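Handing you this structure, nothing more for now.
Chain lettering (A, B, C and D) follows the sequence in which the chains are written, and residue indices restart at 1 in each chain.
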Amino acid sequence: MMARTTLALASLTLSASLAFAQNSGPPVNVPPALLEDIVVGSHILAEFGVVDAFGHVSARDPSNASHFLMSRSLAPALVTAEDIMEFDLDGNAVDARGRPVFLERFIHAEIYKARPDVMAVVHTHSPGVIPFSVSKTPLRALFHNAGFLAAGVPVWDIAREFGQTDMLVRDSGIGKSLARTLSDKSVVLMRGHGDVTVGPDVKVAVFRAYYTDVDARLQSQAIGLGTEITYLSAEEGAKADAINFAVLERVWNLWKERVQAGVGK
Amino acid sequence: MMARTTLALASLTLSASLAFAQNSGPPVNVPPALLEDIVVGSHILAEFGVVDAFGHVSARDPSNASHFLMSRSLAPALVTAEDIMEFDLDGNAVDARGRPVFLERFIHAEIYKARPDVMAVVHTHSPGVIPFSVSKTPLRALFHNAGFLAAGVPVWDIAREFGQTDMLVRDSGIGKSLARTLSDKSVVLMRGHGDVTVGPDVKVAVFRAYYTDVDARLQSQAIGLGTEITYLSAEEGAKADAINFAVLERVWNLWKERVQAGVGK
Amino acid sequence: MMARTTLALASLTLSASLAFAQNSGPPVNVPPALLEDIVVGSHILAEFGVVDAFGHVSARDPSNASHFLMSRSLAPALVTAEDIMEFDLDGNAVDARGRPVFLERFIHAEIYKARPDVMAVVHTHSPGVIPFSVSKTPLRALFHNAGFLAAGVPVWDIAREFGQTDMLVRDSGIGKSLARTLSDKSVVLMRGHGDVTVGPDVKVAVFRAYYTDVDARLQSQAIGLGTEITYLSAEEGAKADAINFAVLERVWNLWKERVQAGVGK
Amino acid sequence: MMARTTLALASLTLSASLAFAQNSGPPVNVPPALLEDIVVGSHILAEFGVVDAFGHVSARDPSNASHFLMSRSLAPALVTAEDIMEFDLDGNAVDARGRPVFLERFIHAEIYKARPDVMAVVHTHSPGVIPFSVSKTPLRALFHNAGFLAAGVPVWDIAREFGQTDMLVRDSGIGKSLARTLSDKSVVLMRGHGDVTVGPDVKVAVFRAYYTDVDARLQSQAIGLGTEITYLSAEEGAKADAINFAVLERVWNLWKERVQAGVGK
């Protein structure tokens, strides 16, 4: 659905970018391929309905481990390389130039701080996943493409430490709490809100966001069948996840061509 | 799906409008931006499947609190600014010029009468919501984007006061009954029929119609998981809803560009 | 999805029609508006996924009550006026000219024979409905647009009279049995197969096929909520169905413009 | 969704093919119509969401029963005739020319070895089917288009013989085990992974992959209704399946025109 839309959006966004002219443009010294991964990853997740008007994709700056890259506040389907900004690990924009930033950038900042192995973070309101965030039924790895879930999927409830809030990760303290619950896992669910997936690069984090949503839907359907379910064991999950890395380029190329077809190439 | 269709519909509707020529055209003295909100809101709800051939979006006249603006009888996907008519709070068209009007305009009229704070009303046959309208299971706020549901979602059953009917809000008396059940809430379900959402402007009422549908689907899925569910508390819902207002422009811009992409811009 | 496809299909079908030249073409003396209703109705049901490669729409010949009109054997999305053939009530093609005919034309023939009030018949493998055809749970009217279901929805099981078959209505005897189970109702489900809807004209029969599918999906979701359901009473259903007739033109115009938008008009 | 994308993909793939020039191109002596069936079948399954970035369609070489034809490692939506390679029944590429091959080609090789009647094999991660692969609830024939399921649908669990693996059919031994579980049936489910369908030609194998997915979704919905279900008997299934062969050309033509419409013809 979004691919179709992106055609017109691309030109609209172009003119918007020109209007921004002097106060926009991505950080210098960032590899263009990395900016492209953030943009394409955002469009892929919009195309598949994993993100809607909300959600964001970020990457750690490869030349400065205490900085990360993330779009200005904008719906993922509309993000272009021109919209990428640079932030430090306290969530401060390095060169704001008046651009509006995401309130929940602390999700990303605190995970990069706590997890040196993480090079990319995705936050979504994934519709397959939200039901698991509010249920006592744990999300589990049902099939091999979601093998990374077999290590366990923690659920973070903001109310446990912060009481009655607006549900948002709006400061470093809340971000730290979320990062602690994520621990060494690949995915954390946020009660009544969505999820966060992480990975060693943008492609893996996006792949995980997508297949977490797919797995959640499959598990809901399997539960509906009313009989016992065989999940992947932790060992099967770890082995299957290793294979995901091997086939990732094939998957990414399909997805990329799919969203780029939408912009008329 | 509808965005694609809208391209051809736009030109069809244009010629239809020319044929109407002398007896159509929106009320004078209404801000064009308000007409656009009604049109865009109607197209957004069609695009997302929240309305089909039925449903309507209205706004109170900002210069005359006892009048409201609403399309002539037409499927929401086809509404243009030319189709907007003006009504008083008894549901009479101010300047009908022979145009067919919606039978259920009394939904809007009586809510504007009972709720001075309401500036926009949306009526839908939202497919996620209808199951809750006929069930003893109350619709509740499952995630923060639907925080406005945490104040409670009353269900109105036309049979309680009016016995065996055709289910429609076809006069002021029935409209008054519905408005009483809505009370001070943002949403009311209509048994075996659909729902009504209200707000301080068109964008908010449309946002609520969309996220009521999303929340209903998520709650259905969560119930299917078979274990206890944690809903948003009333306080969480109120706080989360306040944030919705802050991000509404970002959401609306995405949606608007999406439906307008469909008309080839 | 199908609307998009129809563009290319239209030209493909055109050349196919030219190749057919001397042995195709609709029956003479049939009002073009009726042929158009059959074609548009077929495309609408394909667009909404109520029919896939299977299913058919027919109409009684207005000038000869013992004949009916129906496409040659062809997927509903591909039907054009050129493909409509004429049949008698024993299922014989009046002027076959070597064209392949639907095996299940006896569904239509026997219903026209048994029900003088019926002027149009639709047969589908509607995915929302098939689960109810194999379940002890009766399909019921859940909301007003499907009020016609409140009179009762019989289920016909071919095995009851005919034992172990290929499930198809392949002769007049099987068609008669189906027509007997339909009785004076608007819809009959066929176990492990699909449904048939009838009406006083093509638009009503198509409307009923579509809203039977919608109602079935809503009822499935409502059952999933796990609490008691309030269905429309027989009287509410009858009254609501009368209103459907009043708004049918509005609905049909939206649907028709939607499928015709797909062919580039 | 994919049909739309295919337009741009076709040209992208064309340039990619030219770059491959000397080390690509399909095997000589294979009927072009067979190559087309593999390509069209791959695109159909992508269009309907039965395959995503994963899955493959193969055919036995009609002139050499100990060879089979299958795409190089590529997402099904992107496969062209140029990408088809030839393999022997040990899974060795006959003329690899450096092209990457599917790890799971042993699914195909061992089934062709064990089942001389099988001329085509399809492997998918069909989302309707995966829940049945991990559940104690058997997949059964619910409606006549899926009559081939009434003979029984075995479930193969890789862990039974091979313990803790990455879930993939990565060698001849694992392929043999899968082929043994398939036995003389048309479909076998793979626990936590997907399914395999087979047939006497590509069209039948693709038809079965599609209707296995449809049947699984219908059965899930029927189970949700909570009452007893009447499935097709083995005899009904066998008789209904025979009819599928008779109507297959009609179905295939619709599907083919649908995916080809996507490439602008």
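Points worth noting:
Heads up, the rule we're going with is that a residue touches a chain if its C-beta (ideal position, glycine included) is under 8 Å from a C-beta of that chain, and two chains touch if they have at least 3 such contacts.
Since this is a predicted model, take the numbers as computed values, not measurements.
Farthest chain from chain A (centres taken as the mean of C-alpha atoms): C. The two sequence copies chain B and chain C touch through a face in which the numbers common to both fall below half of the numbers used overall. If you average the CA atoms of chain A and of chain D, the two centres end up 32 Å from each other. One inter-chain figure worth recording: chain B and chain D are separated by 45 Å, centre to centre, where each centre is the mean of the chain's CA atoms.
Within chain D, contacts with two or more other chains are made by residues 1, 4, 224.
In terms of inter-chain touching, the protein chains here make up one closed cycle, each touching precisely two others.
Here the chains touching each other pair up as A-B, A-D, B-C, C-D.
The touching residues of chain A, counted against chain D in their complex, run 1, 3-4, 141-145, 147, 214, 217-219, 221-222, 224-233, 235-236, 239-240, 242-243, 247, 250-251, 253-255, 257-258, 260-262, 264-265. Residues of chain A touching chain B in their complex: 1-2, 4-9, 12, 53-54, 73-75, 77-78, 125, 127-128, 130-137, 157, 159, 164-168, 191-194, 220, 223-224.
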